[in-house]
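Every chain is named by a letter (A, B, C and D) in the order it is written, and numbering of its residues begins at 1.
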Amino acid sequence: MTQASLRGRVISRSVARDTDVQAWEPKGRYRLTRVGVTNLVKPVRVRRPSGEVVLQPVIDVFVDLPPELKGSHLSRNVEVLGEGVDLSLRDPVTSLEDLCQRLARQLLVRHEYASWSQAQARADYFLEREVGNGRTSLERYRLIARAQAHREDPIRVRKLIGVEVVGISACPCAMEGVREIISKERPELSGPIDQIPMMSHNQRNVATLMLEVPEDVELEANDLIDLVEGQLSAPTKELLKREDEARLVIQAHSNPKFVEDIVRDILDAVVRQYPDLPDDTSVIVRSESKESIHKHNAFAERVTTMGELRS
Amino acid sequence: MTQASLRGRVISRSVARDTDVQAWEPKGRYRLTRVGVTNLVKPVRVRRPSGEVVLQPVIDVFVDLPPELKGSHLSRNVEVLGEGVDLSLRDPVTSLEDLCQRLARQLLVRHEYASWSQAQARADYFLEREVGNGRTSLERYRLIARAQAHREDPIRVRKLIGVEVVGISACPCAMEGVREIISKERPELSGPIDQIPMMSHNQRNVATLMLEVPEDVELEANDLIDLVEGQLSAPTKELLKREDEARLVIQAHSNPKFVEDIVRDILDAVVRQYPDLPDDTSVIVRSESKESIHKHNAFAERVTTMGELRS
Amino acid sequence: MTQASLRGRVISRSVARDTDVQAWEPKGRYRLTRVGVTNLVKPVRVRRPSGEVVLQPVIDVFVDLPPELKGSHLSRNVEVLGEGVDLSLRDPVTSLEDLCQRLARQLLVRHEYASWSQAQARADYFLEREVGNGRTSLERYRLIARAQAHREDPIRVRKLIGVEVVGISACPCAMEGVREIISKERPELSGPIDQIPMMSHNQRNVATLMLEVPEDVELEANDLIDLVEGQLSAPTKELLKREDEARLVIQAHSNPKFVEDIVRDILDAVVRQYPDLPDDTSVIVRSESKESIHKHNAFAERVTTMGELRS
Amino acid sequence: MTQASLRGRVISRSVARDTDVQAWEPKGRYRLTRVGVTNLVKPVRVRRPSGEVVLQPVIDVFVDLPPELKGSHLSRNVEVLGEGVDLSLRDPVTSLEDLCQRLARQLLVRHEYASWSQAQARADYFLEREVGNGRTSLERYRLIARAQAHREDPIRVRKLIGVEVVGISACPCAMEGVREIISKERPELSGPIDQIPMMSHNQRNVATLMLEVPEDVELEANDLIDLVEGQLSAPTKELLKREDEARLVIQAHSNPKFVEDIVRDILDAVVRQYPDLPDDTSVIVRSESKESIHKHNAFAERVTTMGELRS
């Protein structure tokens, strides 16, 4: 530990020094790729097709910083965000990615030295779902959004729209294994059990779909949620009466899937449902099962582009 | 915002003032029930029956503070902990609760003004388990320990020994519901399916047992882990080959349990296996299922004493 | 591992068995103190003095379970919650504790076998604060609420209202130590530096106040937030321009406090500002500093009653 | 909700079907970029220069999966890990990245269909540090490691070695602002205060350095920790007696730094201390301050290569 000593210390200060500390010249000439603030939480009004909702996103905003500047003016980021959020109260954004786009553009305006900016946000989001017999439940999903603005002429923006869906995955391999054991140990049951799904391990699966597209491509998060939820063994539901619960269990076991299957089925649905997405659309798909029989998770992922998927 | 002004501010300092800021007289005369440091992480050597292991507990230590003192000497807590940990390198503790007991006693020695002290710790802990065909796997558990020392003559210490076990719970209600649906819709299968367990939802369940006893009562965490793990529908295993996985699924479904059943079965096993625990032993049992069909968890708990359980 | 075998297994089922699995008689005769669902997240409309806000609380609900019942009907908990939340859309609750009270009462209605019920919730909450020069910022706080209903005639409800505030704590002890070092090593500076606050370590402090009162006592969370925020060395602010930031730093250092001081000052403010709270009001006050000079936290707490505080 | 029906369901099973479900042909022809298991926790023995230590890393392992296979054999991942860990008991690895390298190579052996594999790990790590007057304290750091193996002839492996260090950052801008306010409002103090550091906001800063290099380049994590810790305003220390604490505060304030400064200073130290690292070495440097005056964090990052840094 190099302990500080005050003996003889004199802080050198030229009287005329610029009081804008951020503008001082830094030691070394290193460009920084991302400078900003993270973990800002603000309520944001969003005008959805189904009416206005209030989201509480966790937001990060960044710009790059050229080598000749000591610091980025971080309070400007918070100002940009504050104005964006205030604005959303009068003029609601239409989506979380719309908010990120506005923020990313405004960040470039306020940080005149930056050549690039980024705003990203995550928020819980609720949709009403039928849960049987006309009953409904507000189900929780997660929205992911990001926008990156490049200082070109004109400014070029790419935006990412993502969703995270918690559903059920039932394991096809364990189900097969159970059938084999029963067939071997109780051969007289072999015929009947081949006609119905068997027990298997099943668990919460978190499936994620993220698409990054040019600013003018419109995608609707609700559609992405439906797409993803449809590829799980079954959805999870907050409210289930007795028979609905049993039917949901049967549905999941009628449709057993590995994490690999879920990722491929989401990829397949994206290819079929979004034929017009440009080739350079980035596509990230994930599925993670909180395995009921293990303490660890099973995980599958594909990182690709629409062009590659279609080729 | 009451903004600070330096105009005319003079910090009042009597020249002869005691430099022990903690000993200054506080504003108001309020006793504090717990003052200390939290979230200390240190590796600790523990001599277990099966050999020496290194735990990495997260530790909190506290004492009470009489109304006439401004501050507790927090660095003494860290010293006590550091000495305890150093000591464990030369003279390993025998358990996490043994560490907490030593710390709680030493805290009373060092904080001469305190009438009470507490040390609590949580750590991951690994046991080798058979996973089929002679293979083994190191399975992860969680140890919970706490000791409270009361300044009486002699000092009286109570210690808490707890374990957290992740296992499988399979739902008996959904299984019944599935049988009913199949019996109704496929009556010809009704006989065969009554002879085997049916599919149900199953998931990770975190079951907890904590016992608080006088200092001289010895309990072995490994035994508590076995006790708890035995009451789940089945244990979770990190390594499962194909047939072992199917057999574990059958085991869990042959033994379907609500969270309520798991708590009651742990209580029952405690009563049967620990007949000699004193009546004033505190008993806390919990079971929480990360429901595969819901986004929320199911939870059951009993907080009681051995005396009450036996009555 | 006791592996399951299907050889000869026959599931015993009496044809006329009650299909309400929860009503089956459990093994053992153990009462459970809390059975319910945890980690439910739902958006809730709350009519605040300043207008309507949408909170996204994480909610847990529980009832007790008598020994003769195997299971609690957990879906009823979710129904109660769903109805409470739906109701809040038409008839907004007035606070998070109002929501919890409604839920706790309704839980007793729906679980006719329960003698006690509990609903607890936590939610982020935003208040507009001045941050200097007429600018404002939406600052984030945390609301904590709980209600417990006891089946007496009439039903008796106690509710807990709590707030969590993130502010700054600056350490008085390190500031004194810095003065001493400077006075000793640079005696010529001793006079000037006694007239202004000195550098010290400062950090985020999470201060908590929770009061549990009978149902008919009204407390306003905004007032509790103001009370707690006023006892920290200074508040934290999301938006600070250069001079405001420096003034906030001076404010915090003009008002250095231990975690112990913060707890005592909150206790003192509660005693002064709430003279009419009943003697049996439970009072919990905490302060935890994420120490900038350590990897661990400093912590102080008082658990008491209003009667004890006033005596 | 598409509810499952059992009416008329017949599970199609060819008698001779391959029982290796993972080898079935999947629907769609999509390659997967990462398939594996996450969140495995195992104790691992590591032979460090200073003696043997036990780490408890959280480990993820992945391989890619060609389009013609339905599933990856996930249990092989756990076997590879189990063998690696068992092996470490007899033949301790020399570092966390050494473990990851062994795992990545072995993954390619066991998943004969994979063209790529990855193993990553994170673990707490403790080093003894002087804390003043000959006292020492075990300080906590975080190790990050990753290895990626590419099936070429011979197999090519790149490994990432990273460290995360918690230290103090003191803000230079607020310190300047404080000086200005005091100089303006108490001009008579202007001379003296220019000779010593002033109060500022200071907080925990998490600084990260990660270097990805070819397998045969040796880097020592202890050196990286020293390098990073040396670029913070000051280190954090678990144990500080009164004067040591004040000196640490003075040290931090004598060395105020933005998150941007910390990143640049780490980059500069890497360039100076590692002149022999190949040009294609990936370099990631981050600094995140848990701002004491805000509820959000300040963040800076550079993602680059050694070649780019030196150019």
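One rule holds in what follows: a residue touches a chain if its C-beta (ideal position, glycine included) is under 8 Å from a C-beta of that chain, and two chains touch if they have at least 3 such contacts.
All values derive from a computational prediction rather than experimental measurement.
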item	value
Copies chain A and chain C touch via same or different residues, half shared test	same
Maximum centroid distance from chain B, chain identifier (CA atoms)	A
Centre-of-Cα separation between chain D and chain C, whole angstrom	33
Chain B-chain D separation of Cα centroids, rounded to whole Å	29
Chain B and chain C, separation of their C-alpha mean positions in angstrom	22
Overlap residues in chain A, where contacts from two or more other chains coincide	6, 40-41, 78, 140, 173, 176, 180-182, 186, 195-197, 237-238, 240, 242, 245, 247-248, 250, 294-296
Arrangement of touching chains [line / ring / star / complete / other]	complete
In the complex, chain A residues that touch chain D	1-4, 6, 9-11, 13, 19, 21-22, 26-28, 30-41, 60, 62, 65, 70-72, 74, 78, 129-132, 172-173, 176, 180, 194-197, 235, 237, 247-248, 250-251, 254-255, 258-261, 263-265, 267-268, 288, 294-304, 309
Partner chain A, residues of chain B touching it in the complex	139-140, 166, 168, 173-174, 176-178, 180-182, 186, 188-189, 192-193, 195-204, 234, 236-238, 240, 242-243, 245-250, 252-253, 290-296
Chain B - residues contacting chain D, complex	5-7, 40-43, 53-54, 56, 75, 78-79, 82, 85, 124, 126, 137-138, 140, 181-182, 185-186, 238-242, 245
